[in-house]
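Report on the structure given below.
Labels run A, B, C, D, E and F following the written order; every chain starts at residue 1.
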Amino acid sequence: MTAFDPPRSVVRRLVEDALAEDLGILGDITSLACVDEGLLGEAVFVARADGVLAGTALATEAFRQLDDQVDVQWYLHDGDSLASGAHLGRIAGPLRVILTGERTALNFLCHCSGVASTTHRYVMAAHGKVRVLDTRKTLPGLRAVQRAAVRAGGGFNHRDSLSDAVLIKDNHLAVNSLAKSVERARSCWPGRLVEVECDSLDQVIEARDAAVDRVLLDNMTPEQVREAVARLEGVVEVEVSGGVTLETMSAYAESGADFVSVGALTHSVPVFDIGLDMM
Amino acid sequence: MTAFDPPRSVVRRLVEDALAEDLGILGDITSLACVDEGLLGEAVFVARADGVLAGTALATEAFRQLDDQVDVQWYLHDGDSLASGAHLGRIAGPLRVILTGERTALNFLCHCSGVASTTHRYVMAAHGKVRVLDTRKTLPGLRAVQRAAVRAGGGFNHRDSLSDAVLIKDNHLAVNSLAKSVERARSCWPGRLVEVECDSLDQVIEARDAAVDRVLLDNMTPEQVREAVARLEGVVEVEVSGGVTLETMSAYAESGADFVSVGALTHSVPVFDIGLDMM
Amino acid sequence: MTAFDPPRSVVRRLVEDALAEDLGILGDITSLACVDEGLLGEAVFVARADGVLAGTALATEAFRQLDDQVDVQWYLHDGDSLASGAHLGRIAGPLRVILTGERTALNFLCHCSGVASTTHRYVMAAHGKVRVLDTRKTLPGLRAVQRAAVRAGGGFNHRDSLSDAVLIKDNHLAVNSLAKSVERARSCWPGRLVEVECDSLDQVIEARDAAVDRVLLDNMTPEQVREAVARLEGVVEVEVSGGVTLETMSAYAESGADFVSVGALTHSVPVFDIGLDMM
Amino acid sequence: MTAFDPPRSVVRRLVEDALAEDLGILGDITSLACVDEGLLGEAVFVARADGVLAGTALATEAFRQLDDQVDVQWYLHDGDSLASGAHLGRIAGPLRVILTGERTALNFLCHCSGVASTTHRYVMAAHGKVRVLDTRKTLPGLRAVQRAAVRAGGGFNHRDSLSDAVLIKDNHLAVNSLAKSVERARSCWPGRLVEVECDSLDQVIEARDAAVDRVLLDNMTPEQVREAVARLEGVVEVEVSGGVTLETMSAYAESGADFVSVGALTHSVPVFDIGLDMM
Amino acid sequence: MTAFDPPRSVVRRLVEDALAEDLGILGDITSLACVDEGLLGEAVFVARADGVLAGTALATEAFRQLDDQVDVQWYLHDGDSLASGAHLGRIAGPLRVILTGERTALNFLCHCSGVASTTHRYVMAAHGKVRVLDTRKTLPGLRAVQRAAVRAGGGFNHRDSLSDAVLIKDNHLAVNSLAKSVERARSCWPGRLVEVECDSLDQVIEARDAAVDRVLLDNMTPEQVREAVARLEGVVEVEVSGGVTLETMSAYAESGADFVSVGALTHSVPVFDIGLDMM
Amino acid sequence: MTAFDPPRSVVRRLVEDALAEDLGILGDITSLACVDEGLLGEAVFVARADGVLAGTALATEAFRQLDDQVDVQWYLHDGDSLASGAHLGRIAGPLRVILTGERTALNFLCHCSGVASTTHRYVMAAHGKVRVLDTRKTLPGLRAVQRAAVRAGGGFNHRDSLSDAVLIKDNHLAVNSLAKSVERARSCWPGRLVEVECDSLDQVIEARDAAVDRVLLDNMTPEQVREAVARLEGVVEVEVSGGVTLETMSAYAESGADFVSVGALTHSVPVFDIGLDMM
């Protein structure tokens, strides 16, 4: 699968905010003082570990907003596997611009590649038997960017926001019965996916009888999931969620579920180390 | 030390962006459908692990922007230690508002507390012998928030941005000599901290002779740091950086350095799990 | 069904933009000159036609942003039927604020009520036999507001944006076959609604065989729709689109389709006249 | 008369908002999945009715913000007459970009051309004997765009905002006499147009005696207007407002008034249908 | 005359920008460190010179955005005369908030009062015989604020922007004759003020014959102005511009002109010194 | 020393705001009416006085945002000395664009050059014996631009904001002793410059004993400064502030202080007159 960039307008705005944050009132005072304006430079992006690349559009944009004449080329692309030491791309242009934009570009690139690489590990652990989904547990302001990085890592995207699918949880079920909740949701928002969080097999049956599109099995063991899948007879999609780790993933992957959603893809991401080496 | 919130204007804007991202065009369609407008609710924030709290101002703001009548109270505050199971605070108000704001509030709270808790672990490992600093390796758009969370965890803040201190690195030294670079920086920006990244003892001596304010010892062993400290005779501050882990921290703490800066405080943060339990 | 306001953050931002546009650099120079600061006033919102109310949250916000002490009360609410002459609500506060905010508040209120009233006419014409949907043919910047007004009028909301459901149209089908297109969409975006635009019965069969969630029957006669519905055997949802008018609606409503989507709900809206009469 | 685009900065910002609204978090998921990145396309804008063109700058901007390499050319320009079937312009570039930007571009183009075409009908009905003005009854956020489209249709622009001319209405006259109100306005804002809304011939005389620049005759018959014009002896401009329709326009045009202002040019605009046909 | 605040939305946005600029990433690090959170304070605004007050709404807003519980009261108001030593108002609330907001509040207050006081000196020099106008030579971003301060000082506001009146200058006259230019302007923008810049008496005659509303006499001596006024016979308003100083103002005031416009009211404003003294 | 532009993102945003402010809803109605679209023009920026140039990046940006094809070239650069009559640069492009952007470009250019020229006068008066600093008394929203202009004039920049250095003033000292305040600041914000405002020699001694980095001598005579310098023995930097004028500067320059900070560089700036003459 090809990785898709986040929408252009999101890329543009996030990079504007990040540069404003890092440049402050005066700009890069070190490079202004120590590097003459006319000097040119060239540098190469180098992977310092094994993983999956993501975030190149953001890194390019960071340099371009500083100087639209900078030349950025990528040898590898979002979604490509990286071996430590691999050259990912290069940048050529005014040395000041390269040094000033370096950290902002790398902050995006290393975070996105961290998300992609983490996702990829879960995807590998799933052995192609279940699809790995992200969640709404994203870092504030970075959802579009993290969603794109999850795709680059071979994962799939859950609903974008509270606005585009119905997900009925325990707190909603405390107000109305499952059947009543589903009926209200169907009635207000016809044609949208309706998913219900289930904590027990009884709820799973109830959900099936209410003809939901998907159940979210929360904190169940692989055995419980297998049993739920059996009861649902392929009519209702099954998403497993809650504390699935790289270690337990393969057990869940064998359980017959359609999806495993993993908050850690976006809320607990170790950085992927990429350097920018001057040539 | 008291933890300090990020500036109000930062809090307001970040929460606006995060809510816009999560509410989309229609809002929380599940709660709109399944929860009647008049219903009231009450919920408590509960720690699910041991750590340090941060981000309460952001969580409060998330609910307030949805409905300024919501009542949010905190029993614990940024910088306080948390034991798993502890009640951190409570919220009372329209049930719809609580459910709609929950994820945005928790995304901030759990990430900030993750930063604070991670920082705290490094601070503990330093045994009070060296101060732990953050870096510019922050998540784009979240620097002010992460800086505040680092403080809540007992760490200290490095320069805000490229604009407020001089930090001469290898790429600058490839253009001019260390002495010349320092002279240019002092001449352009008198009265600002001048720090130089050093990879060798020779550079450390050079930096001392150029009367810099601080050296950044990059990827040195604790022994090399100790030697550098000896040469600097207390005239120049010493910051250690590069790959310091929780395991190696105590060795560096004993090395006589003034600061250890750790990118992982902000670029590789495991979430700290906090739940919002309805009462 | 209760009508739901657009998200708070959308309301706040749209009203800010609208007031900025109408106040310019100096503000309401007429009222500043001709009305003394201390004067109080009271006015009532009066319907000048029969229809359905929408947009009250926006009208309230317009006055509140000018002066948060203004008192706005509504006797009727979004989604309520209006008879010409009905008193919808009242405002009390500084006369200058009332006069300054009047046009912005009414521009929102009359447009939204126009959308709701238009929608309501289509809904009435559908005799409860088909659900009326809006489209992406909204006025730029006003989608969230128009979506809310459609709901107030008894209609339902189609996908929010290009981001939350797959809708394969003729231009996509010119690139890949229907089956291939559906397969690619399912593969990239599992768990999302997949809809295909069909211009012929053959395509409808093809869509059914590709197991799409919904077909969009474009510019078909009621008879053609009926035939398509028969072929789909209730397995695939049917949406009718393209030139459905108030006159032809009842014929389509009888055709067995699930939805009729109508661009005119949002792209060709006659204003609903509401006045603000001083008391 | 040449039609003038809205200011560049307005065009840029409105298109940013409209694209953000339509692209959401993920972008155009259908075209991403179903259209390969490298594919090129070409399409032509085709009028589906007779009318007047407006909004081309906005349509161009919509595609350019997605990809600044897209080539957009217009055969016809804002203000030109359109016959159904006419080719207005063409676009060539990556097929994904064309499909992704299509709806946003058309939403602007069809609404603006709707405004221009509606305006043109009123202008035609005025037979060159009275000038047709817009009002402040514009759609929130779209005033600059609607003002430009009114000009493209042969109409003229009333005051921009509350800030640039004095218009004393009945609610102001309830506070102070007409003469006093005019005096206060002249005294605060010398050199600005002062207009007074008049409901009766007596008020018209009063306005003339107060040496206003223009009277706004509200809801008068053509005969009443003619009488008012006679009393004003050419010294004061006359604007007619309130419920003028295409049917009654010619009677008002013969009345000797200088202007007829029509809210329907902007508050009740039927869309003008334009398609984008792939070649 | 009462002074009028700038529109609320302008005040809100400008103060947001100014606080963001001054608070940076960490906030007021001095007050955070040196002043405990619970401490309360009270301070009084004191004039350090004689002049005219302006900008109180902006100063209030600066503190309110930091903490909406702060209590700000004004004893004097925009437009009031100030004697050195006068107490203008007071603020009470958390000491940290007072110290943090002080500079931003005073930057607005002292600049606005500087504009008002400068304006007032020109108005005094005009002895009530001519009205003093501002120009478009304002500081970028501050036009609304400076316009309000000019009014507070007894001056009057010229056109807001390029959008609200026609002002034909030498560069326009190089393209078309004066008569042709006026005709084109009248034809495009009926009902708007048309003013022409004149450098000679011949042009003044030409302007009168073209029935302009106002002439702008650029860099003429008082005698030349007097002669121009005589030729215009009261039919055309006269604005004098270009290098009028406090010294030459009275000569121009006697010349019969209606307005003198002075760029120095806004482009060369000495600050008016106001202090915030803790009580 | 080379002058450094403000960060690109600041330039872009400030120019957007300034153009929006000056173009309003309709744009430059005079040039739209009086200048045909196809006409080209060329103009030269001419100094009307002697001084120092600053703000060229902002002037260029103003035209570019209107039309990115405009060609702007500068013969002189920020920081260069200007003689009255000197040609600073030229612009060529559509005449409408030149006339529309002229005032915004000049407002930036003339204000910035005013700041640079004023700064230069203070720098000259300092005879190279003391460095001239700006303050936080900047015009709201324009700090980055004014900071850059001060550098162009040969001055130096004080702290950017409240966030990047500690400056303990009398109001802080009313809460805690000087020693205690310094200790708290050092403890919270290690590695940042700590400066203390001193009103007396006793305080200067106290500050020295507390090992501050710099003292701010407020409103002292040159003799008092000299005495303070003597007591500080070169260990602590000395900044003089408060009412230093061009006349008294040389006396302070001889006093042995390191810095003189001058609010008037930014809060009371006479415009520097630059014209744009059509060729």
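Note that a contact is a pair of C-beta atoms (placed from the backbone, for glycine too) under 8 Å apart; a residue touches a chain by one contact, two chains touch by 3 or more.
Computed from a predicted structure; not experimentally measured.
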| item | value |
| --- | --- |
| Both-way neighbours, i.e. chains that touch chain F and touch chain A | B, C, D, E |
| Farthest chain relative to chain A (centres taken as mean CA coordinates) | E |
| Rounded Å distance, chain C centre to chain E centre (Cα mean) | 43 |
| Rounded Å distance between chain A and chain E, as computed from the means of their C-alpha atoms | 51 |
| Intercentroid distance (Cα basis), chain D paired with chain C, Å | 22 |
| Centroid spacing, where centroids are CA-atom means, of chain D and chain E in whole angstrom | 32 |
| Where chain A touches two or more other chains at once, by residue number | 21, 23-27, 32, 143-144, 157, 160-161, 163-165, 187-189, 192 |
| Chain C residues touching chain F - in the complex, by the definition given at the top | 21, 24-25 |
| Contacting residues of chain D [partner chain C, same complex] | 14-15, 17-18, 21-36, 39, 58, 95, 99-100, 103-104, 106-108, 110-111, 114, 136-144, 160-169, 171-172, 174-176, 181, 184-185, 187-189, 192, 263-264, 267-271, 278 |
| Residue ranges of chain A touching chain C (in the complex, touch as defined) | 1, 131, 133, 156-160, 163-165, 187-193, 214, 237, 258-259 |
| Chain F-touching residues of chain D, taken from the complex the two chains share | 2, 4-10, 143-144, 147-148, 157, 160-161, 164 |
| Interfacial residue positions of chain D with respect to chain A in the complex | 16, 19-20, 23-27, 32, 37, 65-67 |
